[in-house]
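Please find one structure pasted underneath; my questions will follow.
Letters A, B, C, D and E mark the chains in the order given here, with residues in each chain numbered from 1 onward.
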Amino acid sequence: MSSLSLFLTVFISGVVLVIVGLGIAILLAPQSFNLQKGEPYECGIPTHGTSWMQFKAGYYLYAILYLMFDVETIFLFPWSVVVRDLGYTGLYSILFFIVILGLGLAYAWKKGVLKWS
Amino acid sequence: MMEKIKKLILDTVAEAVIEEKQKLTVTVEPKKLHLLVQTLRDNKTHSFDYLVNLTGVDRGEELGVDYLLCSSADLSKEVVLKTGTSDRENPLLYSITDLFETAHFNEREVFALLGIRFINNPDMRKFFLNADWVGYPLRKDYDPNPELNPVSIESKDMVDIAPRILETSDGKLVEEFVNIFEDDDYIINIGPQHPSTHGVMHFRTSLDGEIVKKIDVHSGYIHRGIEKLSESLTYPQILHFTDRLDYLSANINRHALCMCVEKAIDIEVPERAQYIRVIMDELTRIDSHLLAWSAMTHDLGATTAFIYGMREREIILDIFDKTCGGRLIINQNVIGGVMFDIYADFQKDVKAFIPYMRKKLIEYDRFFSHNVIALGRTQGVGFMSKDEAISYAVTGPAGRASDWSCDIRKHIPYSLYNQVEFKEILRKEGDAYARYLNRLDEIEESLHIIEQLIDNIPQGDFCAKTKAIIKLPEGEYYERVEAAKGEFGVFIESRGDKFPYRLKFRSPSMALVSAMPLICQGEKIADLIGIGGSMDYVIPDIDR
Amino acid sequence: MELKDIHIKGIPTEDFKDNEYLENYIKELEANGVNVILSKVDELINWGRSNSVWPLIYATSCCGIEFMSAAAAHHDIARFGMEVTRNSPRQADLMIVAGTIVHKMAPLIKRVYDQMAEPKYVLAMGACAISGGPFVNSYHVIKGVDEIIPVDVYVPGCPPRPESLFYGLMQLQRKIKVEQFLGHKQR
Amino acid sequence: MILNYSQPLEISNLTSWFDQYLRSNLSEFWTLLIEFVLVGIFLLAAYAVIALILIYAERKITAFFQARLGPNRVGKWGLLQSVADMIKILLKEIIRINRSDRFLFFAAPFFMIVASMLTFGAIPFGKGLQAIDFNIGVLYVTAVSSLGIIGVLLAGWSSNNKYSMIGAMRSGAQFISYELSSGFALMTIVVLAGTMQFSQMIEGQRFCWNIFNGHISSIIAFVIYLISGHAETNRGPFDLPEAESELTAGYHTEYSGLQFGFYYLAEYLNMFIIASIATTVFLGGYLPIQIQGWDAFNGIMGYIPSYVWFFSKTGFLIFLSLWVRWSFPRLRIDQLLNLEWKYLLPINLVNLLLMVILVLTGLTLKNLFGIL
Amino acid sequence: MSSVSKYFSGLFTGIKSLLTGMGETWKELWTKKVTQQYPENRETLEISERFRCELVMPHDENNEHACTACGICEMNCPNGTIKVTPMFIETADGKKKKILDTHIWDMGMCTYCNLCVITCPSDAIIFKNNFENAVFEKRKLIMQLNQEGSKLREKKKESKPTEPII
């Protein structure tokens, strides 16, 4: 059995679960209608404006750092499998890489990027 | 000392009328009030810098306001200022919000209930009632016809525009409207139907990401008009309302009203009743602080701690239940004593509770007080300085966490409090963590007080004989007690009837909530909830 | 179906108050000719629904504290499977109105009720929610939450003790159990 | 040959016998088709049953931590409680929200369920009980499980509700942080095991689990993985996106009925998935406790079926996660990010290097004691 | 260097505090559960004698009560929960006498303040601790306390119907 077709099997069964479940719910569950039902719930008070406003997320710098490290993770995964065979050469070459990233993090830390504002 | 104050007052406002009633009472005309208050507040020797109470009264011929001022250093130094206006169509008085921040909400309350508008108050919206409410309920000529104010179930958008009246430098009055929020603010409603606003508080909050920019407090979602209702009930009947103000300090509130009436008609309360009252008061205080602890931990997301606190609380409720047949609303104090004598095993149960509670306090400490997450979420968060606490009239554990000694039990000892020994817990940090710790320490002090009393309950009557119909002689009566959340006060104006002419409760929670916009500004939205928990307000106490 | 088939653990049916209301309800159903096969499925569904009532606590005052007591260790509402308190009306089945409802609150409670998903129930806890209670003569208090939203169970008390609330919840379970779920015209 | 006398209770014996039976009677295509359908049904059933059991277990364990009893009125000891909940939630109305982004609002639960389903399929429940066994298993699991967060983000964004919006933003912040830690922690073990395929990784742990093999470094990685895994599942004390006491219900405030039920379900499944990956990677997966040289002991241990081993190890980790959840208050967003960026990530980087050194210098337990 | 040592000491004290907290929950996991199981323990459940749940008018075996229909309880009730309707009958000696017709008490409105009971001059009503009162319809909460056909107990008998309210 190839892994890919099994992957598809699992994927399809997940989708089927959702569709069947929602199907039953929509068919059998009672429905009612009133004007306020579809309005957003905000502690019972009509909401002010839309929620899709410009929203200042205080962590965009974290997101950039994340990108940096995530790319590194991708590079490191193949390396980590073969590090046994590569021996010390593999260690030194990647050590350089990690140290640079670590320095980057330390710099960001020092600069106060890691402080939520 | 009194003479000096009188002199000071007469030096400032020569035409002031000074009377010696239960308290030193000064009547001035509206224009001079601000000056007098400022002088009283700012003079160095007897600084009256704590506005206890601001009561609007419909005196019949005029609409007036009574101010009870006292000194923050010594709460027993009190002075009452009175002013009023005879214009019933468009009554205007001068605001003292610039001197006492706590006056702000109180003045708005007076506007909603009596229709008096205050010049220079920055935000003159009605506080408890909707803006379109017809009539002013606390006026004697209020028309209670329900057709005037029908129940509306239609959701309406909130209008964030505040009217105000300003006096220009050349003495002209200008009416203007200001926007409370900016146009592009991200406004979110926290409450009224929210799990952690401790009732139906409504904080309209504008956010900058996760940071709270501004809070606009809305109240009145449980305004039940207790003060108006009281005006047509006899004194024993009014008692049952006090339990339902701050239901967590039910017994203490009731104690205050009973004492107020007892002093007015000179009833000697039997010793046994005094003991029972104080023991029950302290149990109530522990109960309230336990709930505050639980609710705060729950607000911070520690559900388990919440359940532990409620578990210990249940033991107190059991004692209440057996003593007076109620768990929360206990109806224990009556005029002249208490309604029920203690039951046979009362002392045994209470004495078993004391060591148990001490053991649990240690557990709470280990479980929550030193938890690194809890410390991070409470330390240095929601800071309030001593001056701010006084200006906002924040009393109780919260005020004492800002290093303001404001325990009425120490300053104006009532009942048995001058016979027992206990410490007033003061902390200097003024943050949420200090308020949190203050409560736990106060539980310990309350246990200590109970310990001193429980074995010495004297024999005798538990209730003095009173007349069937209680009439208070004409006059004004104040009584202040230390409720679990801070200073609770009762003000009765009697005209010799069996009903009070005007009854006002000074609720500690109102001051606590009024400080929220100040101490939450710039904190995160998660802190807003945590600070709310550390302030521990009860909404029905505010709304009355 | 007969009323004696409705079984609640711990309390025999005849010990419950207000049985005649349910009897009338069943009679009404029978008059409409309930389908036997469907009613078996209904029984299963109603068993599930009655044992999984997730409350939304519309707590305004004292009764809310008693609800907290009920949820805490000594009484433990979790035994009924009802500790999953949902703060969003979308996910709740039962609105427990615990406390006074005043004029200013009326539009809000209506809105929250409207926003609940079907099937939904309302339990009025305490004197204030039932009739205005101590404040019934006030200018700003609504004389009973049933003026605004339909109420299924009334739990008297001021405030009712947690056991009273549990009794009320069991009454609600009984009511859910006799309902016809499938093929029933909705409110 | 249904019974394998050394391990009579293994399901894999049954499946391989069934496979042979089908192959001998049907063509290749039909065999595969039937098997795929059966795999799908089996997974769905396991998914639902595990969720129901977990929900019950959590409610009961929570209650015991809180000095209560928990559900005990529906069925014996309340065993049927979550079944009743399932019936109820299946028949609850699904509300249409005005002015929401209809399509995304509808699609968000799909992401949630499908992501957890795909990860679920890659878990080796027992010997031969693994649907997807890629040779890049660890990477696959990391990648697929992060899809779930899209479900949360979409839900929060599309429902046009401010609480949901804040919840979604928080979950974004949480995700971008803890994804790194869990990735690095897993990578540390990949260095140790030298493979990313789960089946190989398990086989390599026959006599010495990875957590023992890499001793200090493995234990640090294990703790970090548990913390970050816990955070990724949005459960307390990391439940900021939901944050009941702040945002009422957070990102799923507007979801009702079964759509909410899917989030509820996926939350528990994700908890299970994190625990089972930790079991597989650190605790030897479905392998029994075996000690080289103790043949009698190994024989007895080996007699217990592999899935029992798997579920008991996973159960232990789930208990641990519940214990943590019900002991601590919720973190605030800045504490959350601090924990990751100032503590977990630097420690992780150092730990990874430490592990490489351990492996290269031969200081792992296997090398030191000559374990297979 | 202090910041580095602060970093590590913070890390370790943090971990220690977390473990202490977990230790407490671990202890609680094994302590006896305090839950009382209403309704399973309905037979053994003890509600405090004084707990006020239901106002009753005790009737003796002759179907007689002590209420003189004086209306003091109605007067004292702060929110009008009690309605006492008297009825005037002519006694044998031709005098008009006020007796009780109906004593209506609205359970759904009562505040349980106990004023009616303590002010009652003839101790005709008491609070009972029966808490199982939930119903489906509001009107069922309005109760008539005097039983059908009951009458006033003659004075010569003991005036206290039950144990005194403390």
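Descriptive notes on the structure:
Heads up, the rule we're going with is that a residue touches a chain if its C-beta (ideal position, glycine included) is under 8 Å from a C-beta of that chain, and two chains touch if they have at least 3 such contacts.
This structure is a prediction, so every number in the text was calculated from the model and none was measured.
Minimum number of contact steps separating chain A from chain C: 1. Any chain bridging chain B and chain D, meaning touching each of them, is among A, C, E; the list is complete.
Comparing the chain pairs C-D and A-B, the larger number of C-beta pairs in contact belongs to C-D.
Measuring from the averaged C-alpha position of chain D to that of chain E gives a distance of 51 Å. As a whole-number value, the distance joining the C-alpha centres of chain C and chain E reads 22 Å. Chain centres here are Cα averages; for chain B and chain E they lie 29 Å apart.
Our note on geometry: chain A versus chain E, Cα centroid distance of 56 Å, whole angstroms.
Contact with two or more other chains is made by residues 28-32, 36-37, 39, 41-47, 55, 57-58, 116 of chain A. Residue positions 155-156, 186, 188, 192-195, 209-210, 240, 304, 307-308, 311, 314, 329, 367-368, 371, 373 of chain B are each in touch with at least two other chains. Contacts with at least two other chains are made by residues 18, 21, 24-25, 28, 33-35, 37, 47, 51, 78, 111-112 of chain E. Applying the touch definition to all chain combinations yields A-B, A-C, A-D, B-C, B-D, B-E, C-D, C-E, D-E.
Listed in rising order, the residues of chain D touching chain E in the complex are 64-69, 72, 323-324, 326-328, 342-343.
Interface residues of chain C, counted against chain A in their complex, comprise 88-90, 107-112, 114-115, 118-119, 181-182, 184, 186-187. Put simply, chain A touches chain D in their complex at residues 1, 3, 5-7, 9-18, 21-22, 24-26, 28-32, 37-43, 47, 50-52, 55, 57-59, 62-63, 65-66, 69-70, 73, 76-77, 80-84, 87-88, 91, 94-95, 98, 101-102, 105, 109, 114-116. Those residues of chain B lying in contact with chain D across their complex are 186, 188, 194-196, 207, 209-210, 297-305, 307-308, 311, 367-368, 371, 373-374, 376-377, 524-529.
Per the touch definition, chain D reaches chain B in the complex via residues 65-68, 162-163, 166, 169-170, 236-237, 239-240, 243-246, 248, 326-335.
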